[in-house]
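In structure tokens below, several structures.
The same chain A turns up in both complexes below, where it pairs with chain B and then with chain C.
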Partner chain A sequence: MNWTRWSMIGKVVLGVWMAGVLVAAFLVEKPDLGQVGRIYFFHIPVAWVTVLSFLLSSLYGIRYLVKRQRLDDHRAANAATLGIVFCLLATVTGAIFARVTWGAFWNWDPRETTIFFLLLFYAAYFALRAAVADEERRATLAAAYNILGLVVVPLLVFVAPRMAELAGLHPNELLIGGQGGMSPPVRRVFLAALAGFTGVFVWVLDLANRTARLGEALADDEEA
Partner chain B sequence: MSEVTALYIVMAVALAIWLGLFAYLWALDRKVRRLEREIRREQAGHE
Partner chain C sequence: MSELRAWLAAAGAVCAKDLRAEFRTRYALSAIGLFAITTLTVISFALGPFGLEQDLLAALLWVVLFFAAMAGLARVFVREEEAGTAPALRLAAPPGAVYLGKYLFNLALLLMLEVLIVPLFVVMMGLQVGSLGLFALVLLLGNLGLAGATTIIAAMVSQASARGALFTVLSFPLLLPLLISAIEGTRSTLAQSAAAGIWPSLQVLGAYAVAMVTVSLMLFPLVWTE
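Now for the complex of A and B:
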């Protein structure tokens, strides 16, 4: 069987998987925060995908600097776009979660502050891209800026919110490693949701990247 | 309405959204696949 056939099977499996996750997210016993704790199954995977897409964006940027292929620049921009989308989703779902658990949509909790800076950092990435007209110069500058993301993203997501002086309300346990206060069934659904959201992200990013590739193929045709 | 009924209703809403989104992504995927095939055929024709 060829790759296309396998990827189609994978997508069908993903469709069923996510449907299963959604059913389980509502039917599994309620998490320790109560019914509202079901936001776990959506909020954390979305935040995880944010980190993953910004990381991929930086890696594509580095690959552009090494191989100098325009396609990698498109891929970096695509991953950063998806990163912003998921970052906004994490912010909105987090704000709703904050309203019901802490009493206010926005309170400049360390976690809220750092995700705001994360959004600003990648908004600046697109401002930089928009400011440079020459394609090659834009790709090089964007890739160089993107490398900073390898430091900025972990710092804002993993380090800063955990610093003692900044300790806020947001729980900081690494939910993957520790138990994170989840019972085994809740944890299983959470991990399944993590895998499902990652799958959806990979699919959408792949679509965007294939579209960019089609565009490049057309541009090459015109040049030839 | 009992709490359990309410949960089922919200679950149905989430499922409906995912089904719609999945169908759309699938259609988009097929469109891209067709274009890829077409471009491959054209490039093969050039050579």
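Now for the complex of A and C:
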């Protein structure tokens, strides 16, 4: 089957889907927190994509160390670039949400700590990449740093809840898991938003990765 | 078995070489020692008159230790690169042994730093330690993890430009869980709290040290080989 045509169709479907999600997010009955709760449909999917991109970036890093394909390094960097964008969005939407519901922009609640770690980690990751001139060295060091980050995250998830006295402002049970306080229509829109944002992430990441592959192919041509 | 012994001997030799070089110049030790004293003086100067709560002091102690560590611990590898002795070291010892030797050296540096700075901190800031044994244990476990993370980061940074700033930038996110639980643990060894709920902090500090050293030993050959 013609790949280009499928990807064209996919792109259009994704656009229509996201438009639908945007409209539905403001038209569906209001979530239990009131009008403010509509930020669910943006904040949680964006935070989820941040975690996803972090994992993907680490996995590409590991694959680079095993297979030594320069493309995997580009993929890891692309995933991290998107990650930092989504991480910023999650932090900003979260801070606004926190101001309205808990009274302060920042409380060092466990998930705030974790997202702050990711933000710092991504920033450090790019600082490292910028500081190494040799391409192969850069790829190796960046992948190693990625793996170190992956090791630290589980510990942080364990530690963070004990940091603040007011630990656990975020609702703890998974909202998707049924009784999480979402009425069925709200949950449907929420899941659609989750799928939509993941789709946008996959699409942009794929674009960036294809660009990187073309760049590599061009570089190889020039060498040959 | 003899292989393991040779490996450990190589690590010991790397550490001994660094210690000897350090005692000749005392570069790293004086750098981190003076840095820590400067930070401590600034804190004491600015905050001393206010009679801070003990909880706050536990956090400040780790802030001092963290920044002192950032000032000097990158030296272990940066010095090798600057002096051009890194290739010789690559030939002389297997990568794992190099990591272990440098790790032990950084650990020794941290311990020496604390012997100097912790009593000073207690005297100047009026920290009241409840259980001395547990307090020392938290410090020791914290050092094990701190040295583990900083040694691998030092190896990475020594091959990059803008080393000094980069070292702190790269280390801080990785050290975040360590710092949180070290502060938490130190807090619960103070006089007023009587060791309540120290166990989770010790667990995290121990797990952090083990995880960091293990992963570093796996990653180090990749980072170290040219």
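The criterion applied here is as follows: the second predicted complex is superposed on the first by the 204 of 224 C-alpha atoms of A that agree within 3 Å, B and C clash if a C-alpha of one lies under 4 Å from a C-alpha of the other, contacts with A are read in each partner's own complex, and residues count from 1 in each chain.
We adopt the following convention: a residue touches a chain if its C-beta (ideal position, glycine included) is under 8 Å from a C-beta of that chain, and two chains touch if they have at least 3 such contacts.
Every value quoted in this text rests on a predicted model; they were computed, and no experiment measured them.
Counted by residues of chain A touched, the larger count belongs to C, out of chain B and chain C. In the superposed model, A:L120 makes contact with chain C only, not with chain B. With both structures placed on the common chain, the touch criterion links A:L65 to chain C but leaves chain B unconnected. Once the two complexes are laid over each other on the shared chain, residue contacts for A:W203 go to chain B alone; chain C is not touched.
When the two complexes are overlaid on their common chain A, residue A:F26 makes contact with chain B while staying clear of chain C. Residue contacts after overlaying the shared chain place A:G15 against chain B, while chain C stays out of touching range. When both complexes are overlaid on chain A, the residue A:L128 reaches chain C alone and has no touch with chain B. The residues of chain A lying in touch with chain C in their complex are 65, 113, 117, 120-121, 123-124, 127-128, 131-133, 137, 140-141, 144-145, 147-149, 151-152, 155-156, 158-160, 162-163.
Those residues of chain A that touch chain B in the complex are listed here as 4, 11, 15, 18-19, 22-23, 25-27, 35, 203-204, 207, 210-211, 214, 217-218, 221, 224. Considering their complex, residues 149, 152-153, 156, 159-162, 166, 169-170, 172-174, 176-177, 180-181, 184, 200, 204, 207-208, 211-212, 215-216, 219, 222-223 of chain C touch chain A.
Against chain A, in their complex, chain B makes its touches with residues 3, 7-8, 10-11, 14-15, 18-19, 22, 25-26, 28-29, 32-33, 35-36, 39, 42-43, 46.
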